[in-house]
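Below are the structure tokens for one structure; questions will follow.
Going in written order, the chains are labelled A, B, C, D and E, and every chain counts its residues from 1.
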Amino acid sequence: MPEKGPKPEDLLRVEHNKLPEKDWLEPDVDFKAKHGNYCYPSKPKMLEYLGMPNPRQWRPADDDWKLPPDWQEIIYKGMQERLDRFRSFKLFMDICVRCGACADKCHFFIGSGDPKNMPVMRAELLRSVYRRQHTTAGKVLGKFAGARDLTEDVLKEWFYYFYQCTECRRCSVFCPYGIDTAEITMMGRELLNLVGVNINWVMEPVANCYRTGNHLGIQPHTFKDNIEFAADDLADITGVKVEVPINKKGAEILFVTPSADYFGSPHYYTFLGYMALFHEIGLDYTMSAFASEGGNFGLFTSHEMMKRLNAKIYAEAKRLGVKWILGGECGHMWRVLHQYMDTMNGPADFLEEPVSPLTGTRFENATSTKMVHISEFTADLLREGKIKLDPSRNDHFRVTYHDSCNPARAMGLFEEPRYLLRSSCNNFFEMPESTIRERTFCCGSGSGLGTDENLEARLRGGMPRANAVQYVHEKHGVNLLTCMCAIDKATLPPLMEYWVPGVEVAGVHELVGNALVMKGEGERTTDLRGTPLLTKEEVTANV
Amino acid sequence: MRRLSRRQFLSIGGLVVVGASASQVMSALARDEKAPVATATIRYAMVIDPAKCAQDPTCRDCIDACHKIHNVPLFAPNAQGEETDKAHEIKWIWKATFEEAFDEQEGDNYATGGMKEQPMMLLCNHCDNPPCVRVCPTQATWKRASDGIVMMDFHRCIGCRFCMSGCPYGSRSFNFRDPRPFVQEINTSFPTRTKGVVEKCNFCEERLAQGQPPACVEACRQKALVFGNLEDPNSEAHKILAERLALRRKEHLGTRPQAYYITS
Amino acid sequence: MAKMLYPFLIVVALALVGYAGGSLPALQVVFGIIIPYIAMAAFVAGFAYRMLGWVRSPVPFRITTTAGQQRSLPWIKANNLEAPANKLGVLGRMALEVLLFRSLFRNTSAGLRGKRLLFGEEKLLWAGGLLFHYSFLVIILRHTRFFLDPVPFFVPWLQAVDGFFQVGVPAMYITTATILVALLFLFARRVVMPQIRYISLPADYFPLFLILGIGTTGVLMRHFFRVDIEAVKELALSLVVLQPRIPANVGPLFFAHLALVSSLLVYFPLSKLMHMGGIFLSPTRNLTNDNRRRRHVNPWNYPVPTHSYAEWQEEFKEKLEMAGIPLDEDLDHKPEMAAARGGHA
Amino acid sequence: MIDHLLHGGPRYWAWLAFLCVVIAIGFGCYYYQLDYGLGVTGMSRDVSWGFYIAQFTFLVGVAASGVMVVLPYYLHHYKMFGKITIMGEFLAVAAVTMCVLFVVVDLGQPSRVLNVLLYPTLNSVMFYDIIVLSGYLLINIVVGWTMLTAESNELPPPAWVKPLIYISIPWAISIHTVTAFLYSGLPGRDYWLTAIMAPRFLASAFASGPALLILIALILRRVTSFDPGLPALRKIGTIVTYAMIVNIFFVLMEFFTGFYSQAPGHMASLQYLFFGLDGYGRLVPFMWLAAVLGIGAVIALLFQRVKQDERLFALALGAIFVATWIDKGLGLIVGGFTPNPLGDITEYAPTLPELGVTLGVYGIGFLVLTVLYKITVGVREAQLSPETAQQAATAEQASPEQLVAEAAH
Amino acid sequence: MYDGKYIVPGLLIFLAVFFIPTAYTYATGGPSQPPKPALPANETQCVESKDWMRDNHMQLLVQWREDVVRNNDRTYTSFTYNKQYKKSLTNTCLKCHDNKQDFCDSCHTYAGVSPNCWDCHNVPKEVSS
């Protein structure tokens, strides 16, 4: 963590009830003063590679953003187009009553106190322009009707606040009309993209993904190296040497996981867990060096880009001739797979309805998309007694679980991971009820905001989550925060280091991998991340 | 003598003050604010001569007159036209035995002369210090300052029946059900009651307003009932009480009933 | 301040205009017949127009917000109301939303106390909202005694229940008190709570004042400055049966009431009050969470350029060979467009 | 916190459904009573208050449970009662709610009930009773809820509740006193016209309320993971024992005054209740049952062995509860009206509709209690020691066995 | 239009609701004429003017009962006609308006009002019939 920058107690000094006297209709973002709260613009070559408009060098703190001359028309046209395409957008522009129920639900508002981070305000940024363009009252009454012209300052406000929303959908749970700020932000970002206003932390992964198949731009040989390296690691720990098939035609199952799993830490340990598990049950599967990414930053760009990036999964499944697809732990990846993939790139009629080759369980909930979540798959194995877990191997952990936003609020995946965790470890503790399950708090860095230049915003936005972890850390001595999302795994460690030192971050399948009793394994002395296990004496002492 | 410390002095003084004011408060609470003291010029009372009443043991004239004029219902009458639903009976004026009327005089037949054999006409005593008025939480019953009648406001009554518990004479009746179907013959110029309210004798205040005597008094052939203003020395009631010994029911309760039973 | 003051003045002005119009016999036809008819037509047409406007846009993706366990493995207890897997669940979820404001019931308040982020109960908005809407509903139903002839069976029943507490003559209705209390509460929280004050627009104050004005004029007519109720019904009924006429003796206060009601009807489809219809259309609530079980079709699913395996293999051929990853020999090397299947592009 | 209401096992929902059925039956009976009048009850012009007012009187006593745990905890810092004070306060809330409802269902013209507020009458004890009861209700809701919120947040309660808690203690005394005044201020009702009416109320209240609280706590220990601790319950049991002894003593005082003075009025009601009068004696077996249960339980509770054995302990407390219920919920009211001012006897027995309404009110009371306790237990379960928390959580949610069982259904 | 199969019927129902009053009124025999309460044959003037009485009779009656029952004040002086009347529903009002059905009820039924006066107070004509 950076030595400079605000200390935790400084960041905790947030005023939620002292609001500016200035009317919100006056756009007001001072990028120079807000350094640390916004991301840097996309490099032109990323946009060029993807064929996106207005690639150029610019900086948010500049006065001139080098917008195309007809930028307003472009946005108006884009807005009209989206109003015609998305009922959600049109409806959400119209029916908000500004009851304020969403106000203190947003982690960015809680962490920053910036009133325009209230979900209702984030939407009003768009609504004010919508009213001016599309409602009689807004046309006639102007500001009095809460309408305003689309000026460059308004656009700058859009940029600032639509890249300060992680599309976590927590507010939509509380909204009496189900208004989903993620939809608003998605539209806002689509409009910004039309005039070339976007951030590099989203566009570069998109470009990478488009080219190499994964965000990190890992090329096929490195991909294979890494996996083999992981297999060696696993052999060192468990004494069992596993094989990971790559691009194997005719395999039964295609396994797709976020690229960070085989490249980043602590994702990597989760990946070891998968490998151990697949080996132990003798799964006939393959990974793909082409569809080597489940994550889809297209979701943070536009519906079109989402579809472009997602297409490769079905294409690859078809090419390899697998029966169905298994997906690893990831958050927004699953939002796309669960809610968009089949609609965008389906029907997947070349695949078979997923059936677990070991238990014969038919995954009824995935019969159309033909893609199963790893926690559903493993929970079934465990339930049917196909794997054996020794939870005491995780006794050095006191574990809590962070419901990652998208599996929670876009899938309803709550119990499967908990079932796995409770079976894999002996010390499991829930965080306070207002911060878990459907009310879970975002890591503060989702939707492509997990970079360093906006660290202050991330730390502020992640505060509610960290605060809940701190609570169980202090109360129950929790030292491990588990989750099921690659962005979480990447961004929670620095968050923990800042707010709750002493808490590590892990995936659910890392704990499964630790606890998994494998045929022919030697006695384990360390867990998958190399930490020594508790000795028998220590275990007894703990009890 | 030991000198009191200032603090002791204050606390003693405080106790005295508290004590004194408490007794004031209590008696203020216990008194109906509108109760007339000696200033009223009218104080209606009923003087009853049981001996006259005893002349015709079957006579029900006063009861019938009263109940007819006030639309008092008769639930489930038997062949003789008497109430059989005793539990829900409504009565403004009724006949009782001496033991019932004067239960504290039980066993003593000497002081009361022949009264023990005589029927006692019971009705609301229109007490000077009525407990029913004291307990009513809505002022649905109150003592009329101008003439001492204990009034009922059927529109105001919530039917809590606290007054029935408070009345030591059993003079109050409650409408356990809609009385209207059981009114034998409706007197249209007087309302019936609705279910759920308490009622009782009102000294025929509606007739007094017209200058008429109470219906029971008018109906009594024996002139056993005398109604009058006790504040008026010339009234017949006043004169009788000046001459003859009269009993009042449960005088020890301090209610000061205004129904007087002349001893024989 | 201006945000509150102007809407207030507008409502007062509307009431005064109505009152003045009602006081002048020549204008009674305008305020008693023409404007109410226009308002009614504007309401009905406007409401339908807005609904159809929303319906013209498709729901391209099934974006259910799940607030409970999905239906997955049979031994995991699914929550069919919070993450509905079928139409029945959706029906239940929508019923809870529309009738009981389920989502709002979840409301909590968050705040920092020292170093801890605490969550408090915040059910007042839910209670106030529910109280307001149900009071309004009962009041509207009660008012059918003016529009229906003969008065239908439920009206006396409703009046008896609503006027159960016999306070005043004619008896004050419970809903009269509750709607005024609820409206004042909803107004007060916009004034008192800094966050809500910040987000409130004139368009938020105006309907509150308007409905308060309608309620106030109603209370005045019933309890303080009586109007001839028979004439009111005659007028209302004549409008209903499309034989409008202005009876004599309708007090001007009624015209003030009517003017405000007409304003509300006209304003309704133009404003956020359309949440009444909109709530039924909310895609995060009215869709099943069975995305992987049943394919959802996007009608405008147009083809997009993609990076095909063939292009990819071409680019990384050497590296693939080097790494020993099997190459696919049987490929068509043209760039691809991701299909737009299942819908008309 | 309120969200705990929406999460519960099948037993919880079955219990709620059962209460709803009971309440619905109560509503049906009440509708009948509204339509017909109070004639559907067993009350008469002689016994003009019956079961409803008796339950009201009894439940004012139950509401005392709060103060008997609040007082030692807050005034004497008796930490052992820490876990049960909120339970006591919430039991008081439910009890007072029922009190109010029992008064309302007893009214002949409930639609005019607001007259009490429209025409406040300072000379009526009922006016003061309404003030002290609604005040006590409010205090207990505010204090209980604030304490629970603080507990849920694991913070010390805000400073402003302290004075409110102190006020609540004399206030609890006041509800019994004023309720006793309803009766003891009436001339001509000799059974009630006694200066020890208020002390008697207090004594029986401090026996019956805490007894019920212990019984509920014992049940909660079994059906939830919440445990206030048996030592604390036994300690409250001691309070119950002594209060019951004082209560019995007061009743014996009445016997002495009546029978030694030979004042007919003072004897008659006791005679009717315990020995029968003029051939009427419907309540005699009940009163003797109460006497036997009360005295027997007190003796039993003096033995440590009984208090140590959870079942005997519960049995003894149940006996005390039933004894005080008969004494106050049956004997006190009916006895006061019998014989009537004319010396005649009309016997009283509740009718079926009357019992239905009574059950309905109890149903509402238990619903309030269930709601408040469910929230409390939910908050507590979330904060138990790690091991039990995990057990509780596993039991509550996705334990494999339970999931299987539910799937099998 | 999308989801028309839900929206169109929904909207039609919504529209239909607005025409229920019209349909209902015609279906039940068309709009009834505003009531013409039967006026007393032998009296041309009420205690106050007709218009005032129409709007305020309930308050007047409440005031009367308050005066009579609680204050023993039984005489009413009309501010319109400066005449004196006995304050009594049964004995003053119903003396002239002796037909409750044709007088009171005609308007009350029309306007959907059901006062509870008649729970206790008698209508001479009805009682005798």
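As a working rule, a contact is a pair of C-beta atoms (placed from the backbone, for glycine too) under 8 Å apart; a residue touches a chain by one contact, two chains touch by 3 or more.
On a predicted model such as this, the values are computed, not experimentally measured, just so you know.
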Chains contacting each of chain A and chain D, listed by label: C
Of C-E and A-C, pair with higher C-beta contact tally: A-C
Chain whose averaged C-alpha position falls nearest the assembly-wide average: C
Chain separated most widely from chain A, comparing mean CA positions: B
Between chain D and chain B, distance of the C-alpha-averaged centres to the nearest whole Å: 37
Where chain B and chain C are represented by their mean Cα positions, the distance between them in whole Å: 62
Averaged-CA centre spacing for the pair chain E and chain A, given as whole angstrom: 68
Inter-chain centre distance, chain A versus chain B - centres from mean C-alpha coordinates, in Å: 84
For chain B, residues that touch 2 or more chains besides their own: 194
Two or more partner chains touched - positions in chain E: 2, 116
Residues of chain C touching at least two other chains: 55-59, 74-77, 106, 116, 166, 281
Partner chain C, residues of chain D touching it in the complex: 1-3, 111-114, 118, 149, 153, 155, 398, 400, 403-404, 406-407
Of all residues in chain E, those that touch chain B in their complex: 65, 69-70, 72, 74, 90-91, 116, 119-124, 127-128
Parts of chain D lying in touch with chain B, wherever the complex brings them together: 36-39, 43-46, 48-49, 103, 106-110, 112-113, 115-116, 118-119, 121-127, 130, 182-183, 185-189, 264-265, 336-337, 340-344, 346
Chain A residues within the chain C interface of the complex: 9, 12, 14, 16-20, 24, 51, 83-91, 94-101, 103-105, 110, 115, 118, 120-121, 124, 135-137, 144-146, 169, 172-180, 183, 210-213, 219-221, 223-225, 246-249, 289-290, 303-304, 307-308, 311-312, 315-316, 319, 337-340, 342-347, 361, 363-371, 376, 379-380, 383, 408-416, 419, 432, 434-435, 438-439, 463-464, 467-468, 470-471
Contacting residues of chain C [partner chain A, same complex]: 6, 50, 53-79, 82-83, 85, 97, 101, 103-104, 106-112, 115-117, 119, 125, 129, 189, 193-204, 270-272, 274-275, 278-279, 281-285, 289-298, 300-301, 304-309, 312-313, 315-316, 319-320, 322-326, 328, 336, 338-339, 341-342
